[in-house]
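First subunit A sits with subunit B, and in the next complex the same chain sits with subunit C.
On to the complex of A and B.
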């Protein structure tokens, strides 16, 4: 770090101090495919999706529901909110709770609970690893999963990825200093992590050798969970859009600190899962409403976005719910039998759409 | 012979005007009338023949056939002096002032007295500017003025000459809204004084707002003339782009052409800004694909390309980012861009693309010298000849020998030399700016094939063009630029002349 260069960059607004945004074009060209997807169920804050022997399962607050049944039949309830969910190869599921516990439902380890540890307090994603182990993303060392906005505004990079043995409960840290790891995808000898605050996907080797390397950078939104389809393409949910004003606030440290200290989190200049619900929330430049209609191109605080990546993690297509849409804050998506099931957490909707013909 | 009463006689009548360049018609049997005290807008795409038509009036171009009558009398306009004598003045888009002289000297240029009293000239000029409400200092040197003020001087010169006909070629392209307001008030005043105005503009709203009648040209032919009230933006666009012949010459993707899929993202332009010309524009460019950028003249396409290629610089403060292969880059010279595989094939080959008096081989070798493969100061005649032989064959430059001077070549072959000069640098990203401007039809097809081959070979290619059929036929992805910003992205399947033009002018 060169302080002189940093000062010059700050003054000129370039380099690390640049507040430019990657364009939403090419594979990220806007459309309304998420909005045109028929809803499967409406439930408060649907968050995670997984495939188990019960079919496709979605988490909503403290409960698990079956998505395959009309209206969503309840499957299980817990004493804390569900923060992450993973389908396991044996047909069971691993459920990460907001207090840091991991509960196994069905399968080989059904009924088992791994207690919270001080190292893993913010479970954001779970994924099965080879050898029956479980990969766990710990979003932040200082904030819980519901305080993600604070974690962004504090510019933390304290997240980590862990490998946990369900049988013994033994845990091993695979990587640290991650900027809010929010999604995991296991590969043969590595795991790919979505780092939300870096707007990037990073490959972390599972062995002792090798270094972490970026596989996709400079995304136009904050990535969350992802899943692999039968054709080996990858579906990535991006839960909130990056905006110039937010990047600017992130650069202005004094303003940012005062905002955190003096203003309620709902009213921060920050991304959110659903904007426009409170008249007290800050308006933004270009958030144009005419005759009661919000323009789709408005740079809103929330957005709905799912990207399809090829095997090399290169974006090839995307599905959108634009500023005026009703499928914002997509945190999970799952390709099932030619249809993409997704959770719009911001709008409380689980929906699905056919993706045939969408750049395969 | 019966003579029509003066009130019914048009001030200016052009009949069967045809202008051919080497047998190719730029204007075909155009009839055009201009009445006293009317503002007559001439509209059309780039290359429709608007400028050629008004250049005939201003004496810059002589028609191949056809008659021009002024107040019922046939006239011959042999040159600009003739035009001025007949009371025809032109306010050029690219100003024709002498940059090293003062504003007042420019106003009286060609009209000087034997003994000039400079002070008197300045006082007269000051009075003229005050009457026009133009804030221009008559003692200022023209090269120190901005484009808008230079245009004001041009307008003042036309008014001073008490012209009967004033031709405005894109007068508002460089004006601020306030200056535009003054200009329109001035045009209104001139109209009331029975001066006839010809108004050429790409801004359709302006044409609809200010003009009494509208004439639309397309592909050098007259399409329609009518009262401005009878037109809307939609009807104007339809008349401007509704071509038949061009659709036969240029196939569209919707007509069955294969579209290349995007490869790796090579270039990401993020919130790029340069003064008022490039305004917070963002777009991406992918390998193995031709990205066509369409926009009207003045929409900031060329300037954006030049910033990417290091020819011009973006704003110093908050000028945005250009990322090549994911890494931010800021080129101070084109050499740096060439070193990293970015080349720009200029739209102005004569002044920026070639050394006209040098041979084909030397020109191509200059491209090699600029590339990172060049061996420092060492030059090799054998390498130069070898390169010239390879590239002349590869892109079919037709010359008697490689020692032929570029100035002796046709426009098409000159353009091929410019392209060869760029391609010897082994680029990753090639930006073609108006690649077929001033090029004959045969060479256009060859250049199009060459561009397609580059994309097939995996290069990222940008084609900037003002000619819609070229964009529609070549591009795998179409970006539309308007007022310094990319405003629309269209796939070739969904792009039509109307949709692209709509995005470009709305």
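On to the complex of A and C.
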């Protein structure tokens, strides 16, 4: 754009240089519903939930577990960490691994593996499409799924969405230049993608014609996976909060580059799934403990948030785990039989709560 | 590297902080008028030959004499929140009365002068009664007076002007008033100077002057404070009338002529001058000096324009434009200045810290985290709010300085009971006992205080010598932080920063500049002197065991240093520990010839990096909400034990942050270590296995009690 305008904006902190943040208000008014949800199972870094013929399954590191049989042996284990998981219409599951392979468990293609390709190296989400195909979200062209923080701080928008035929392995790119697509929801003739770094949901048409269009923008946190309930409302997991300071650092290119180069990623000014793990992590003024307590409203690098959207993708309610909560970093949620099952990856908990009557 | 060097040099030598400090001073209001004065004079001096010659200056100064008197009157009225438009015709009336009394009534000159001034005062009194007591609108009322007096003057002129013009009365006194000089200075200028000095003293030093400014600043507040508002307002108009009358006399003496043009449009010129000098239309802000400056600017301008041959209409137009400018400045300046100051005051510096020693659980350094404070015995949970410092007396009672301005005492032996030992106010911080068991305490916002055993509170010092050439007045202490006492009773104490108060210490961390200092207080003479300046948040103070030096902590520098008090290096500072993993706070003696330092927060890599990016921090202060600012990690900390050589022996941490996340002070006492924290609601103590179980702090300083 106009370089002069950019310079003025930067100097005055407005326009693109503005770091104003959507407030946690309206449908996003804070509560502690995630914290009060009874836990189902505790497992390190539960990441993705799916419904299969085995019931609700959750991925944790290299294994799949049944949520209904907490504490049981893993349903399946792999030689690499699981990056994404999707339940397929035939009752099987598609499992994306962090090295880019996709493995089918159960169902029609059970046991089949689609080898990694250089185009798809950062699988973040999988979803079944019509006609037996599989939709794949590739978060970033340059970073793997474990390096999502780097992808955010590098201000990348190199993600893409693919359609893969399980039978032949043939793949087709549906959209590119996405800012970390992290969730997929197939619709009749389109797919809705959560673009984390844009804090937005985007609709991508499946046909040849049509352009992608924003569905929901200005979310107060970074969205990840989402799923549709029986009542057609949509449940969106938001895995980390947006912070003014992060937005500010994203606009401070010099500091940002030096930080990426000189500081370990765990100690960056950046969101994370669980804050407070290390005394070396940066602190914000409002995050000072008073009388030995961290106040729930204090700014934190991690947060727990699930939003309920109506069928038009407008937020109508939300469930929170605030700064002092213990259900942070929710990366996946599923409505099952009137209960919302969610996994707090940051705190290693799968929990569920009834959502009947939940509205802001 | 080059870029780094450039940044470092730029932030060392360009004094960014001065701009904000300048904008904080009241006298900076005069910057615009002074600039205008210089600019106008310089322009005229260049454009008009002989503009600055003696004759020309004397001529101009006679006019300035008359004009300035009226401007002073106007400024006083404006200061009280009003305006006096009637000065134009009042001036004409005074001119007429003076000439009529001398030439027609043949009054003695002295009597005529007094009577003329009285007439001026009468007009002012009419204005004053109408506006002050009947509370009519100043603008409309004086507009009516202006028109009315003008009509009276014209009426009188029709009758008497010929008689005055044809009169042959001459008066030496009148000639002297008109043309005379004192030591080469025209009399009217002398009168102006004398009046200005008197008026300045009245306005700045006497009760009535303060009343006038108070009424103009806030009428209601002045009323509530018991100031007679109506009388004060009335008086300001009388003063304006008197000065206008006096100016009329000077004018009459100089020109000895009456005409319908006398004083026409004068009110506008006078108002322009008063405003341009920096007196506010709204009242409450202004001074005699500003009025004089405005008067000189406008006189020079008008004189210059006349001598440049500019037509009368054009000259009036210029005055009108200047008036517009003055109004604009008057309305905008205060706001601009505040906005600008808030944008530029915070001026971060470049601070490159040495590599941070590792302190993780497995680290081999003495800083390795442990949980030795995790099971500390808790004292007074919920009974105290933010104990910054903690100290024990010879009877084992604990004293701590709380947020509400209290020094709270927990009573030995079990510390179950507590009482407010003394309410000192402010924010008490560091404490120390002197040899008479008096508790000396540094109080943020107040200074150095003492509380004796009978709980009498006494101020020891709150002021030190001002730093030469410092823009902000740093003689008054804003953030006295910690102290220690030498054997001869001399108190060495730190002031963390001279630029911020206690509640804003965070902003000082953002600056990371040397804003702190060490001050010496001598109880024998009562003298207070600053002995070390430009310290990075001077914090904990502790006399070395041999009393030859005092140790102090520079919080932002993450260092403990030593200031030599005697010996070959007296007066010099040297580093003791240069690379702490966090922010040192209070330092106190230990029982084994060693010292304890509280590390009240930890460095984080992102913070260390930001300290080398001043521009980044400056923008952060402007853009990001305070709650979201990057901050040193004060949610974790420890206490460290070290010796005179700077060797660190051990550290004590509360690993899980159960009780003592951040620790600001600690004292060793009879084999225990007592800790306190400024964001905590409890005290704690742990047993020290190898410590001397008899050792006490006061005993270490003043010897065992008999």
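As a working rule, the second predicted complex is superposed on the first by the 355 of 360 C-alpha atoms of A that agree within 3 Å, B and C clash if a C-alpha of one lies under 4 Å from a C-alpha of the other, contacts with A are read in each partner's own complex, and residues count from 1 in each chain.
As a convention for this text, contacts are C-beta pairs under 8 Å (C-beta built on N, C-alpha and C of every residue); 3 or more make two chains touch, one makes a residue touch a chain.
Please read these numbers as outputs of a predicted model, since none were measured by experiment.
When both complexes are superposed on subunit A, subunit B and subunit C occupy overlapping space and clash.
In the superposition on chain A, A:314 makes contact with subunit B only, while subunit C stays out of contact range. A count of residues in subunit A touched by subunit B and by subunit C gives the higher number to C.
Legend: residue contacts after superposition of the two complexes on their common chain; A:76 is shown touching neither subunit B nor subunit C.
In the superposition on chain A, A:200 makes contact with neither subunit B nor subunit C. Touch criterion met: A:26 reaches subunit B, while subunit C stays clear of it.
Using the contact criterion defined above for the overlaid structures, shared-chain residue A:13 touches subunit B and also reaches subunit C. Using the contact criterion defined above for the overlaid structures, shared-chain residue A:215 touches neither subunit B nor subunit C, since it reaches no partner. When the two complexes are overlaid on their common chain A, residue A:244 makes contact with subunit B and with subunit C alike. After superposing the two complexes on chain A, the stretch of subunit B that clashes with subunit C is 151-159, out of 7-15, 25-33, 61-69 or 151-159.
Comparing which residues of subunit A touch subunit B with which touch subunit C, the overlap comprises 13, 19, 244.
Those residues of subunit C whose C-beta lies close enough to touch subunit A in the complex are 359, 369, 506, 602, 604-607, 609-610, 613, 616, 619-620, 622-636, 657-659, 661-662, 679-682. The part of subunit B that touches subunit A in the complex is made up of residues 261-262, 264-265, 268-272, 282-284, 286, 316-321, 323, 326, 328, 330, 477, 479, 486, 489. In the complex of the two chains, the subunit A residues touching subunit B come out as 12-15, 18-23, 25-27, 29, 217-218, 244, 314, 316, 359.
For subunit A in complex with subunit C, the residues that touch the partner chain are 13, 19, 243-245, 248, 252, 254-255, 258-259, 262-264, 267-269, 276, 279-292, 294, 298-299.
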